[in-house]
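Next come two complexes built around subunit A: one with subunit B, the other with subunit C.
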Partner chain A sequence: MTGVAVGAPRRTAALTARTGTAARWLAACTAALVIFSAFILANDVDPLSVLGTIWTSVLTEPRQVEQILVRATPFALAALAVVVPGRAGLVNVGGEGQVIVGAVAAAGAGMWVGADAAPAVAVTVMVLAAVVAGGAWAGIAAALRLVGDVNEAVTTVLLNFVALYLMLFLILGSWRDDAAMGQATSPEIGPGAKLPLLGTSGVHVGIVVAVIAALVIWFAFTRTTWGFRLTVVGGNPEAARRAGLPVTVLLLSALVLGGVLAGLAGYVHLAGAEYKLRPTFGANIGYIGFLASWLARHRPLAVLVSAAAVAAIAITGNTLQISAGLPAASVNILMGLVLVAVLGWTSVRKADA
Partner chain B sequence: MTAPSHRRPPSRIGAPPALLDVVGFTKSFGDVHANTDVDLSVQRGEVHALAGENGAGKSTLLKMIFGVYEPDAGRMFVDGQPVTPGNPAHARALGIGMVFQDLRLVPALTVAENVALSLRTGFRLRMDGLVRRIEEASRSYGLDVDPRAQVRTLSIGERQRVEILKTLMAGARLVILDEPTSVLAPQEVQSLFEVVERLKAEGLGVVIVTHKLNEVRAIADRMTILRRGEVVLNAVAPADYTDGALIEAMVGRAVAPLPRQRRPVDPAGRTLLALSDVRTDGDRGYEALKGIDLDVRAGELVGIAGVAGSGQRELFEVVLGLRPLTSGHVEVRDVDGVPARPRVAAAIPEDPVADSVVPGLSVLQHMVLDGREVPRKGVGVDWAEVGRRTAEADAKVGLDIAAPRRTLSGLSGGNIQRVVLTRELSTFSPVVVAAYPSRGLDIANARRTQEVLLEQRAAGAAVLMVSEDLEELISMADRIVVMHDGHVAGVVAAADADRMALGRLMLGGAA
Partner chain C sequence: MIIDILSGGVRGGTSLLFAGLGETISERAGVINLGTEGAMLVGALGGYAVTFHTGSPWLGVLGGAAAGALLALVHAVLVVSRGANQYASGLTLFFLALGLTALFGVDYVSRQITAFTPVKIPVLGDIPVVGPVLFDHDPLVYAGYVVVPLVAWVMFRTRAGLLLRSAGERADALGVNGYSVVAVRYAAVVSGGALAGIGGAHISIAYANSWFENMIAGRGFIAVSLVIFAMWHPVNVLLGAYLFGAALSLASVLQANGVDVNQFALNAIPFLMTLVVLTVLGKRTLRKAPDELLKVLETAKA
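Right, the complex of A and B next:
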């Protein structure tokens, strides 16, 4: 080996690497904002005033921040649903469907126990129903992958459509709430089943669930044998096979656990924010979670930050529509720009060996 | 060791300038000095051998000559004219051609189409004319190549000739061959050397990278030896030096030959590895093993020889239970004779980077990926215990592995190989399967690896070893099994093995 490495230079090198990454992040986000400004300008609106509005009426406005956190909660859980299979080298694009199926199962369970059920009973049954349904939904894709060698990125996407139409089938049919005056929604969940708010804020306890889930996954990845093995499978399946690891079981468990987390996201969104299923229920939660996971480079704790960031952009859309007269969808441009810029500029390049 | 004279002028007064002159090439990667003040001079009509251990800086030197790397310092002259090739295309235009170790042909295309890829062909591709030119060129250089043949139907030796042809068609006057013989059977080496002689006779310069001294003596006019990025022997005639002196120049110290005296195999010893009529399919669907019968006894080392792609990889994988059989039977037994799962076997894979390395994980984390139970602490891995075992294994095997915290994917091939060898060979395994165990290692570590494998044999393990180095097989094995096209072409006792006879078997002929 070449000489003993001295501590100080190595630390400095690591520090430079880290500040370099941070600088690239900053540059990527700035670039995205600049391009977005050009877009705003093209709509005859002053970009500086728009960015100022975003700052004063969204990011520094307590009620809006609460909204961001509420929105971020299912995003974070849906992102974790991508993080866990991603660790094993699997691509779960099925968060969307798994979220819906989880919510549908939770709503069904809520109807089954009845609106007057004790909160403890209602919550337990609904959570169980949601995670089992989400896990099973992902399990279909896992089974197809392991038995028929069908790529999970394809099957999970296709199952999203099945899940959506399953929900529509139910709320347009037997679950339709007669009291909703013709609208296609399921009956609202019982008062005991609704997630309580944190103190006097408008934020429900689902956010605690998301943070705990991220911490548990971080611990599982870094401190458990299962997490270590999952990393090996994701890094090099051939090495895992040769090391005698139960590759099939690991892949299955990762994808099913992803489904469980997405199901939980569906439950949290139903019991904390929407209270009933409607045709647009959970729209894009799975896909935005997918983006948040990629932004966080599939790291469980970073997901909390990226989920909050995409939630902030989503909330900004409403403000822009009201204050600047821009279409609400225009923030999707910003979201897309940020994602492309960040992924493109902060990718981990292979060191020159 | 005498230091080379550094500030040599590019050419002696009066003499014609050399074809290639490299003066004082220096290159560092971070704090690794890959090349320090390296000189290399190649005349027209000269075969110049470049030797040195892995990591001695040969590849760096060649890449600077070929314009892949830019030297930190130093100058380069072609025909006495100063040049600085900025990229491989520029180097090619200067008449420098490179044949890489891993051949870079497109298997689905024909020879002519592959040649066309490396030429400027304009908008229209005129294949007929190209085919004629290839036929002329292959005749004039004695390269026996059919331009219309699909590359995937060609043997490795033939593909190498296509690569050489490519460089010649692109106008090369200096041909650099990077370890060309490592993938060839002895007969193919001989025909390669005939081609090299022909190039030499045509007035071209040839640089051949090799560390096999018999090859250096057979083909090279002069040789340059690098060690740790510096020239230790500069353009000397190999005949002036003994093998011992040349090895010492490469390694920096004398390396004792392997002990020839070994306890003979006990004919009544237990068979620990038994294959009967084993058939299996390769990755592309064709049958890769066509009925293999093979036994290895306790305390026996059986070597597998064969041209690359003769079924060695598939044999290795069926022994380890990694590839399903289409028929036949593989049995791996523990020392007490009871049938055991293949997990009992220690395995050195053919391609450690592809088969063993998990990007981002450390040396320490790789040490537990040997198929045995991982030491646990609660729900996690007991990394402190793994660290203790790693230190113990390193001390025992003596291959001096990299620091436990280093990321494996950041290590060189040789360092990765040492980690895998240390992990697999630090404890006794009844069955040891090793594919190319000393590949990528320097001479000293390769020798130590051979010793460790022989120690496993002496301890009563059944060792099956695949190697492309016939010398290694002859010096280590009790029996050599030669494979050809998925069959056992012959079994030879190592004591009376003859290189040329083994080569004939490897190529599918009779012994």
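Right, the complex of A and C next:
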């Protein structure tokens, strides 16, 4: 995004790039942790013991590391869903809705083929449904942008809520699984539709999908004409138009591809981790993906790292709830603080969006 | 039932009205704040907590305003001083608010407060139709009637308003004349956050009379959209807020009247309505946009 530096842009001292970045990151994360500790302390819980428990239970247990990777998978795809439109200067805040719509479509497709469909059939149909639905959901925002000149950041965020209520409408209505006790859910997907685990680990193959997606996008950005044109449009749309680039097509393709990736995120989360739609299905995957993409400064390969980082924070929430009795959503503070620190420390150089 | 919906629109729209006015001020200075949702959340909790501890909902309103202003201050620091991306910063603040209100809100779940109660205005409240729709509400609703012309007057008739609009239209002109763009934008964003905080407080201490996690449920995002098709004018914000308030209250009114409809389909209506209105007005609204804001909104023109 070009017009970001609204205030008078001030040049930071041109620290030598590498060490400077590392130092900033360290400072940013430390600051976030310190402030978070203060908030925990304000709730009469000892922050040091909480952080200690988090360290031992989250980062030293192999099971938990697997959990982090499982959580990171949809985050990475949802972050890529922000990275691709971002390359063209578009802001996709609609990952949340696109993820949900993708999962809803996948679940619907799974029901349509039936629980005992052959794995190959079930997987193909579900992936297609998720991808088409996610792309179409983003396509609505793209169309509104192109036809009505409506800002996509605003429309995508509104579509998130429409998607959420659509899902709730279905799982508390006609899709409700009568066999399930308590919480309303959709019926579980068939055994053949569940994503297989990698070897003997608890990590499903979705992570391979995410890594491949990141590699493909990196390749597309750096080695293809499409990627180059996208970068030009993102840098200066007017110049791109004068150069005869098909700006409309490029913008549309970027946002729709973003939706496709988010739909895929919804699919892997459904077929690899949740197996059914619950009222809490989205669980902020799209929003967290948005933050992860900013953490990675919109670089496709760095997204893999930042997704793992935010997944670790998200997993921490369970630990917080169990060991300290604090609400799981408290970790959103940490998530927010890290981002505040990163945005505050690093934005002035050049905001690349 | 029509009267119920209209009256519900005014009551339910009041939070949108305050948040929308706040966002209008902020955007008039050239800063869009998606963190309005977050400011409303902390405002709702801040208002509830202060009301609970002091027993006075009026102090609660101040608490909500202070909480919203503080959160918006972070946005101002990031966006105005550090040049961070406005959308990223706004969404970050939404997350921060989600976490903060979850952490500090647990103690206030299912606690009783002395909330605002409807005060029927004598004479005016007895007018048929108009009375129950406009003059039988809690004090914050009436405060909304006063704040709209006040904001409009400040914005278009005072020096402060001129500075605000200059910051949004021609920031460099402000600098040339010896004023600080940074200071004006800080003031705009922070006061916008305070108003959003009051909007949030209205939900917790006058509308729902309770506190629960993530209780704003997207109203802040509606408020941000509202400002765009209200074409950055306070009076239009009022009309839009009540319109969407009516859409928001539709579900409860219909249920209270025994109409059997799916609640979630109704919940989606305000969001769908916002999308439709934005599309229909589309280009017409953007022509009215403050120039500096256009730089943010139109990153890539199709």
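Note that the second predicted complex is superposed on the first by the 330 of 353 C-alpha atoms of A that agree within 3 Å, B and C clash if a C-alpha of one lies under 4 Å from a C-alpha of the other, contacts with A are read in each partner's own complex, and residues count from 1 in each chain.
One rule holds in what follows: contacts are C-beta pairs under 8 Å (C-beta built on N, C-alpha and C of every residue); 3 or more make two chains touch, one makes a residue touch a chain.
On a predicted model such as this, the values are computed, not experimentally measured, just so you know.
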* To do: In the overlay, answer first, second, both or neither for which of subunit B and subunit C A:Val331 touches.
  => second
* To do: Return first, second, both or neither, reflecting whether A:Glu238 touches subunit B, subunit C, both chains, or no partner chain.
  => both
* To do: May I ask you to decide whether A:Thr225 touches subunit B, subunit C, both, or neither, giving the answer as first, second, both or neither?
  => first
* In the superposed arrangement, does A:Ala153 touch subunit B (first), subunit C (second), both or neither? -> second
* Asked: In the superposed model, does subunit B or subunit C contact more residues of subunit A?
  -> C
* Asked: Touching A:Val162 in the superposition: subunit B (first), subunit C (second), both, neither?
  -> second
* **subunit A residues contacted in one complex by subunit B, in the other by subunit C** => 1-2, 238, 351, 353
* Asked: Which of the residues in subunit A come into contact with subunit B in the complex?
  -> 1-2, 223-226, 228, 231-232, 235-236, 238-245, 351-353
* Structure fact -> Within the complex, subunit A is touched by subunit C residues 30-31, 34, 74, 77-89, 91-100, 102-106, 171, 181-182, 185, 213-214, 218, 221-222, 224-225, 228, 262, 264-265, 267-268, 271-272, 274-275, 278-283, 286, 292, 295-302
* Asked: Tell me, which parts of subunit B touch subunit A in their complex?
  -> 29, 31-32, 320, 322, 343, 347, 349, 354-361, 365, 369-371, 374, 376, 379-381, 400, 402-403, 410, 412
* In the complex, go through subunit A and note every residue touching subunit C. => 1-10, 39-40, 42-43, 88-91, 93, 144-151, 153-155, 157-162, 165-166, 168-169, 172-173, 233-234, 237-238, 247-248, 251, 287, 290-291, 294, 326-337, 339-340, 343-345, 347-348, 351, 353
